[in-house]
Amino acid sequence: MANLEATQSPAPKVAVGGTRPARSRVVVRGTTKARLDFATILGAIGAFALIATAMILGGSPGAFIDLPAMLIVFGGTFLVTTISYTFGDVIRAQSVMLRAILYHVQHPRDAALRMLSLAEQARAKGPLGLQDQLDVLHYDRFLHKAVSLVVDGTPGDEVERILSREVDATSQRHLRSAGVLRRAGEVAPAMGLIGTLVGLVQMLGNLDDPSAIGPAMAVALLTTFYGAILANMVFLPLANKLDRNSGAEAMVKQIYAIGAASIGRQENPRRLELTFNTILPPGEQVKHFD
Amino acid sequence: MANLEATQSPAPKVAVGGTRPARSRVVVRGTTKARLDFATILGAIGAFALIATAMILGGSPGAFIDLPAMLIVFGGTFLVTTISYTFGDVIRAQSVMLRAILYHVQHPRDAALRMLSLAEQARAKGPLGLQDQLDVLHYDRFLHKAVSLVVDGTPGDEVERILSREVDATSQRHLRSAGVLRRAGEVAPAMGLIGTLVGLVQMLGNLDDPSAIGPAMAVALLTTFYGAILANMVFLPLANKLDRNSGAEAMVKQIYAIGAASIGRQENPRRLELTFNTILPPGEQVKHFD
Amino acid sequence: MANLEATQSPAPKVAVGGTRPARSRVVVRGTTKARLDFATILGAIGAFALIATAMILGGSPGAFIDLPAMLIVFGGTFLVTTISYTFGDVIRAQSVMLRAILYHVQHPRDAALRMLSLAEQARAKGPLGLQDQLDVLHYDRFLHKAVSLVVDGTPGDEVERILSREVDATSQRHLRSAGVLRRAGEVAPAMGLIGTLVGLVQMLGNLDDPSAIGPAMAVALLTTFYGAILANMVFLPLANKLDRNSGAEAMVKQIYAIGAASIGRQENPRRLELTFNTILPPGEQVKHFD
Amino acid sequence: MANLEATQSPAPKVAVGGTRPARSRVVVRGTTKARLDFATILGAIGAFALIATAMILGGSPGAFIDLPAMLIVFGGTFLVTTISYTFGDVIRAQSVMLRAILYHVQHPRDAALRMLSLAEQARAKGPLGLQDQLDVLHYDRFLHKAVSLVVDGTPGDEVERILSREVDATSQRHLRSAGVLRRAGEVAPAMGLIGTLVGLVQMLGNLDDPSAIGPAMAVALLTTFYGAILANMVFLPLANKLDRNSGAEAMVKQIYAIGAASIGRQENPRRLELTFNTILPPGEQVKHFD
Amino acid sequence: MANLEATQSPAPKVAVGGTRPARSRVVVRGTTKARLDFATILGAIGAFALIATAMILGGSPGAFIDLPAMLIVFGGTFLVTTISYTFGDVIRAQSVMLRAILYHVQHPRDAALRMLSLAEQARAKGPLGLQDQLDVLHYDRFLHKAVSLVVDGTPGDEVERILSREVDATSQRHLRSAGVLRRAGEVAPAMGLIGTLVGLVQMLGNLDDPSAIGPAMAVALLTTFYGAILANMVFLPLANKLDRNSGAEAMVKQIYAIGAASIGRQENPRRLELTFNTILPPGEQVKHFD
């Protein structure tokens, strides 16, 4: 294992021995092209297909379509969620739902390798040497900002404070967006219950024709059914997915923040590798240095 | 990007170079006129219209009006909520519900720009130079207090401690007010259940006339219906809105607090801009300095 | 606004200028006479009257009284709550319920004014000068203790630590007492469900006489009804009230603690006023000094 | 009130004035004999007697006994709880349930007095003077350890760290044991529901004989009934009691820890009394010194 | 009890007196062979056997098998859980469920003894003397890493920081895996409800043939039944078991981390024993030194 003695030597302008600046430029380059999240898409299509099949097998799929019931649940959920937030929040939540289908992927392991490569170059040429890497990093706003701070000569602790505050603020914002969906997931069953109560009261009011009881109750139950579908197959899974993606994104950003702070403190890159390996899961540990 | 070297220079009485005090007076001026919150109003009107339509389509909207049932749910919810708090709390919650309809709006981005402009002036003329700005700031009690503290020469850390304690205390108070509504949102369905149980016991006691069972059950269900409406379409959405507005207000105040503290510490305004941009969402970042 | 320059001057034995010790003795005097909490009393009476009216309007109020059902719910709730705690806890909870009806009231604003007046005297005559005030303060055990500590010359930070630990310990104790009620509020509906299940099983066992089904089910539902009443109209509102009162009491004590610590640190009373105004709600801010 | 001036004098080997070592040896002695917890026992017996009476009054207590239903709920709850934990945990939870019936009692007030008496002796004879008290303290493992540490000359802060870590670890362990019961309290109603669903499906499958419907449903409901009893009258109350006892035990241990640390720091015992009185409830405050 | 005076002596290269390096090599050796978790296996088999028996006793076990119902609940739960996460997460959760059946066991007490033995050797031969022990420790990745850090001469505080960060990251990862199962445990009953609503609406739509109502409702209830089984007898218990195992594993790792840090700080092993005994439960305390 590597010796860590020289770890905190203040400002080694030139690296020696086992660091290989040659390879690094390749790794740093990267992209964050939007990718379809097949888990979301296939999961949703599959689940709805399942329910539709069950309806069709039962013989009368038309019995499950009732416009007033849909209006109460879909419209009501939208409107009540709007009371709970603002139009802006609700529209933003819409676009956020899209993010659960189309997302910009980055792997923690790649982020760690990229950061190690940058740290190695900074070790060899000094933090200012990363100046010419900045153009390559435009594909990731956060990484670009992190490296900019280092290049500007911001002290390591300051870099860490600024970046981790941004990570926190972003997580908070994502939490809030997922919160709109989660709230909609609470409102939908409530609107379903209200619709069913309306139907039940109407049905109970005129029990004269016993043959009408069944269909009336079926219609009354439809709002509960729509509410359950909407909450459990749309809003709650998407809210969950957003939380999950936000967590993954925060981890990548945290790696960039730790790395930039470490470069700012001019620490030994090997030490950074050690730190990354305490955070990364066992199967995805990085081994940049031999 | 800006150089931050001079960032912590202790007391620059006169600013030089890239700061432009000319523009700033305009930005600082502002108002917090009350605005109707259309999301709340339209959402509520729409949702109630939906339910009313469903009742009317069902043929007998009169079946949904029952005075004793209303008394149990509306009166009972009010009274039980009163037991849980004091008259003062409940009345304050009333006025707080108004705040969900009529609110004083301020955008975090505007607050940040305003603060940057003030910081620029303080940089140029010293903190005492903000004295003549105080009159313009009367439209916002908190901002006025923040700038007053700075003008009085309170040290930056002290300014931050005082203001953030006030932000906390205000958030706590808002949380408590939203808590009254949230409690009412728990009580309403409970009173609905109690009312339905009263109706069911009465109905089950005399099953002699089978034709009366239906209407009796319909009436019994009405309290559950009222409770569900009251909780899910009034109290809980409003409580949620209050929490949301309180969060937005706290963010604006936090920006004022950070800004005032930064002026008090006589930091470089560019550094303040950097800090604001770690808090503001990506699309609303400020760019006061070129 | 006041100048805070002399704020931390170590030991000013005699105050000068704008402090007016003459007025203060009056303010310091106070009482904490027990007052009936009308919100609790009227709320409870009103809510029960509502339910009773609904029963009477239904024609047969006697149908709602069933001794075995009452025994299961009232007795069962008491006994199961006793298992969860000790006899001592349950008896203490009884007396604590009384506190939700009869309470010792103190307003945060009065507490702040009282403390400012004491701070002013301490500023004028030194902390030891509060010695003769101690007799007047016997109406509030905590305030008396706070001032005693200051008079004994305990350093300010120590005063703060001791008093805030006591505030915490008291809050914890109140939380525990409210917890007994809250637990009873969980047990009551559970006992109601158990009672209803007993009734249902008995009824279903002999369905021979169809005319007996209705009344039997009515009786079975009574335990659910009692459980819902007990939990939602007695235990949970009272637990909520206790939490609320405990919070209000903690705020008053916190004001005394902050004030005593400030006197102990011999800070400027104007600074104390500033601190109080960050905690007090906008409409209740103090203005002791001109 | 006592003067605290000499509070932090480093090493007073001999006490003077108002300390009375004569009385103390008596107080220190103590026992922790196991006592039956009558609240648990009487509460449980009473609650079960109530339910049994209701069954007998209903005419056919035999209708409530069904072996397969019992197997599903009792056996199922045991087995599913075993999946959730290990055999060891479940067996330990058994013995822990015993602790809710038979417990070792110590009153916080007695603990405080005992500690004050030890502190007084340590003040008079030095920490090493507690050596001969160690034999008397064998009845409480924790107190013995606390005093041993002091006698060994461990510094006060170290004593506090060691002991409070042990208090935490013990609380965690108790929480875990109560967690097993709490989990069982969640599993039991779920098994009850599963059993009822099995019964309902079987009943609905053959509706040919209408007279069999009632008894079949009664049997189906029995598992729900057993689940409700098991959870609400056994597991949840006992879990609650364990939490309560664990809290009381932790408080006594905390008093020992604070006391031992104070002796280790050779503080004035009067100061220790002051600290104890901020933790103890108003009616149980100690007054060891005059 | 041991004297702790020499505890923090900086660098004792050779131990004297009561340390016995001879015995230790044996203890350090160890294995973590995978063991079947019989609590999980027997609990699950037993619980399912119970339910199966109840089905068979009821006469028509075939009534409980319905392919469409199974598809809705099993397929739907899988698909909706997939929406909530990614394919990777769901597949990982599968393998994680295996870990609840087959696990690598280590006892906290053994870990403590192993660590004490290593500490004793480090005391005798210096931290570098553990070099030759490294090969024996390959059976536990974490222990190996901990000792490697010490052998590399990493300072004690650094060792503690690195290792406890790794413990945290691992716990977080386990929490996330258990979260997938817990989420599936929420989705399953929801899919059961949706399936039942589909069945009810279909049944209510054609009530013409009264004899078909019973079987139709039985089938409708089956999805609720499957959902209850899946959630309460599979997902939730396994999620609980994973949390439990993760906690146990974290405790063992914490012991290794504390031990390695203590060796790195070259503390007295007796002191380490004392620390271990504050964490270990009463019956499992270690006594390595006489």
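Each chain gets a letter, A, B, C, D and E, in the order it is written, and its residues are counted from 1.
The rule is simple: a contact is a pair of C-beta atoms (placed from the backbone, for glycine too) under 8 Å apart; a residue touches a chain by one contact, two chains touch by 3 or more.
Keep in mind it's a predicted model, so treat the numbers as computed, not measured.
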- prompt: Rounded to the nearest 5 degrees, what is the angle of the rotation that puts chain B onto chain E, matching CA atoms?
  reply: 145
Message: I want to confirm something about chain C and chain D. Since they are copies of the same sequence, is their interface symmetric in residue numbering (over half shared, so same) or not (under half, so different)?
response: different
Field: Between chain A and chain E, centroid-to-centroid distance (C-alpha), Å
entry: 26
Field: CA centroid of chain C to CA centroid of chain E, Å
entry: 43
- request: Any chance you could list the residues of chain E touching two or more other chains?
  value: none
Field: Chain contact topology (line, ring, star, complete or other)
entry: ring
Query: How would you write out the ring of chains in order, opening with chain D and then chain E?
result: D, E, A, B, C
Field: chain D to chain E touching residues, read off their complex
entry: 68, 71-72, 75-76, 79-87, 89-90, 141, 148, 152-154, 162-163, 165-166, 169, 173, 176, 183, 187, 190-191, 193-195, 197-202, 204-207
Query: Contact residues on chain B for chain A in the complex?
result: 1, 3-5, 37-40, 42-44, 46-47, 50-51, 53-55, 57-60, 63-64, 211, 213-215, 217-218, 221-222, 224-225, 228-229, 231-233, 236-238, 240-241, 244, 247, 274-275, 278-282
